[in-house]
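Listed after this line are the structures, all set down as structure tokens.
Look at the two complexes coming up: chain A is in both, with chain B in one and chain C in the other.
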Partner chain A sequence: MNKFLLVIFLSICTSVTVSSQTAEFIERQGQVTFFSYTSVENIQATNNQVLSLFNPNTDEVAVSILMRAFVFKKSLMHEHFNESYIESDLYPKATFNGKIVGFDLTNDESQTRIIKGDFTLKDSTKPVDVKATITKTNDGYTISGTLDIMIDDYNIKVPPLLSPNISKKIEVTFNFNYAPYEK
Partner chain B sequence: MKSNLVILAFLLSFSPLVVAQNLLDQLNDVPQTTNNYTMSTFKATRISIGHSVETRKKNTLEISFMSRYWNVPNSSGNAFVADKMSARFGLDYGISDRFTIGVGTSAPNGVADTYLKYRLLRQTDDNKNPFSISLLQTATYRTRRLNGITLRDNSGDKFAFTTQALIARKFTRDFSLQISPTFIHRTSSRSPLDDHNHFAVGFGGRYKLSNHVSVVSEYYYVANELDSRKTFGAFALGANWEVSKLMLQFKMTNNPFFVEDTFITQTIRNFNTNDGNFFFGFHATYHLQL
Partner chain C sequence: MKLKKRHKIIFVFSLIGICLFLLYVYVNRGIADTITIQAEETFTTTELLSKFDDTQEKLEDFIEKAIEIEGEIKEITFQDGKYSLILKGDSDISYILCEMQANQTPDVLKLHAGQDIKLKGILKGFLLDIILLHCVII
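Right, the complex of A and B next:
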């Protein structure tokens, strides 16, 4: 009887480990860039430390962006971004959690799909549709695409005096290269 | 036998739980780090009248204009807004993120000043470093000969130096405090009664009212004051308003001076709103990224 239990126990263990080996892909140095174009000034910043998980079996994608890791050309913009607009001491991360609609696991080339999900920034969560291109690579996947963020949706307050400097619509581009996730 | 089955059921119920964990929750368990130096203990290189712990980032240049306005007691003049004014024009440049230099010149006293500021220790958000420490060294030179003073004929007698250790902590996101032990050395004094060396302690604070506006205050205590004249501790109360690349610092204070060795030791007015004692000023700083 004990042997029987042991076999069941081991089979559960192996099934769990097998699924965790193949299930997920991780990106630890994903790139996210945002642009704000206005006639007064252009603001651009890039984050090269974005963390993301992708599960091709469930079509799920999760992204975590550390706001302080955005790099600006101008140091004052970096300070204002963190201190006055994003308030990264209170809201250190932006996150995205979604599912690729109609993802084809058997497709070995690239496919353009909509990722439906929730984007959270400054504790405000809004449903977003992200147009993305998913490409199978040798050992993983590449997902890249663009997204427009309306700053009014995410509790980002711009003083009236400075509203000509900061666009209402922020363009976000991203590029993630996933490798198998070994825990 | 029964207990074994219970254990089995328990184990079986466990495995689907692991699988059902949200992908985002799983992501939150992966550590993510970046530098965690506390940002913006103060917003400018000056709290109000004196230096703050802040330095400028590499390759940034700040152009600043400081001014004070005041009335002369019992004046019969018809001056517009104020009877008198003093002003300083200055440049501050960040050689590296931790090392800032500055030069300035002020009128009508004709004092040329320079400073070096090095950011020795930076406070971190995880409180490993609970404080920030910056070291400040200034050198000033009096270009104008003051009336009736025969001392200071040699150029070597016209220098004064201030050394400060600026120790600050950002306690909350809104509130920062600074304590700055200060040593001042003058190569000459106007009166032979006065010591050339002074020890002082500066206290400064900032309270953030909104994302762009904060209230600041400073006070300087001098351990060995001048013997030839009655002096008071320099005091300032002001508001800082940040508009994009422009920093505006409005202040009310009890002296018309801009450099440490003068306002810390030679403030001869107490702080009140009487004519002659009340100095209103503003300091505009324009930030350029080179």
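Right, the complex of A and C next:
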């Protein structure tokens, strides 16, 4: 009888452990900010509604960014960004799909790792290495980091008159707080 | 004769000054207050989410336009100095994410999850959820 109870107890423990390991984590309101620094003008915009999924069991990270949800200080910057540079009507989203290199699921401390993946913007896909810090929280994970994007890689055309105002290299920072994804 | 010429010069410089001022105001204008924008359509959260599930084509027409939305608050979140209300419909797969306009903070602090609310916001598009920015309570 005792053996029978032990088997049931162990099987429950195993199933709980397996389900928690295979769970996906979701962030519906991740933050992505980009900066363009030039001597003429500094431009910054933040998007607080970025979607991301993280599977710690496979180390995979997926991000989807709605380009129109970037908020600028000035209305004209928002118009130029969506209508001229990004053409948000034609290319409403940017995406990233990648895998964390050397992620240790059993490590409860912060891990700084490279996420190797593909970033797609305006139908142009380029491989990128993103330096990120992954931290385990009470009910999920936090992933934050930075990457640099070259505008020439993504078919972003800046009119010659405005080229001194827009940096060729855009600095992007991100912060995602993941919670368990209950589908 | 000299007086006339001087008047002309003053007039031209004044005109240039006014044009530069108007250009400065135009270039540096902020984001419009949603309170002053006329809503194109009113939806309940269930109606909006079911339209989103059926076909996104119908909602594409409302992108960058103000819409009114009525439904239940699932959650209130705070990030980067801004509050967002997450509204729910019948489904637990997709929600409506409404990032509030900064001047709405005192009113948002009085709200709680489970409460019904009517908002006006600018529809920005869709990911897994429907996203509205610059939302105001109406």
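Quick note on the criterion: the second predicted complex is superposed on the first by the 161 of 183 C-alpha atoms of A that agree within 3 Å, B and C clash if a C-alpha of one lies under 4 Å from a C-alpha of the other, contacts with A are read in each partner's own complex, and residues count from 1 in each chain.
FYI, a residue touches a chain if its C-beta (ideal position, glycine included) is under 8 Å from a C-beta of that chain, and two chains touch if they have at least 3 such contacts.
Computed from a predicted model, the values in this text were never measured in an experiment.
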Fit or clash between chain C and chain B when superposed on chain A: clash
First (chain B), second (chain C), both or neither touched by A:Lys136: neither
Touched partner set for A:Lys116, first chain B, second chain C, both or neither: neither
Touching partner for A:Leu76 - first (chain B), second (chain C), both, neither: both
Which superposed partner A:Asn48 touches (first chain B, second chain C, both, neither): second
Contacts of A:Arg68 with chain B and chain C, given as first, second, both or neither: both
Chain B versus chain C as contact partner of A:Gln29, first or second or both or neither: second
Dominant toucher of chain A (residue count), chain B or chain C: B
From 4-12, 40-48 or 58-66, the chain B stretch with C-alpha clashes against chain C: 58-66
Set of chain A residues, in rising order, touched by both chain B and chain C: 28, 49, 51, 64, 66, 68-69, 73-76, 93
Parts of chain B lying in touch with chain A, wherever the complex brings them together: 1, 4, 7-8, 11-12, 15, 18-19, 22-24, 26-28, 30, 32, 34-36, 39-40, 56-58, 60, 125, 173, 211-212, 242-245, 287, 289
Parts of chain C lying in touch with chain A, wherever the complex brings them together: 26-32, 63-64, 77, 79-80, 82, 84, 86, 92-93, 95, 97, 99, 124-129, 131, 133
Residues of chain A that touch chain B when the two form their complex: 1-2, 5, 8-9, 12, 15-16, 19, 24, 26, 28, 49, 51-53, 55, 58, 60-64, 66, 68-69, 73-76, 79-80, 82-85, 87, 89-90, 93, 95, 97, 157, 159, 161-162, 165
Chain A residues touching chain C - in the complex, by the definition given at the top: 28-29, 31, 46, 48-49, 51, 64, 66, 68-69, 71-76, 78, 92-93, 182-183
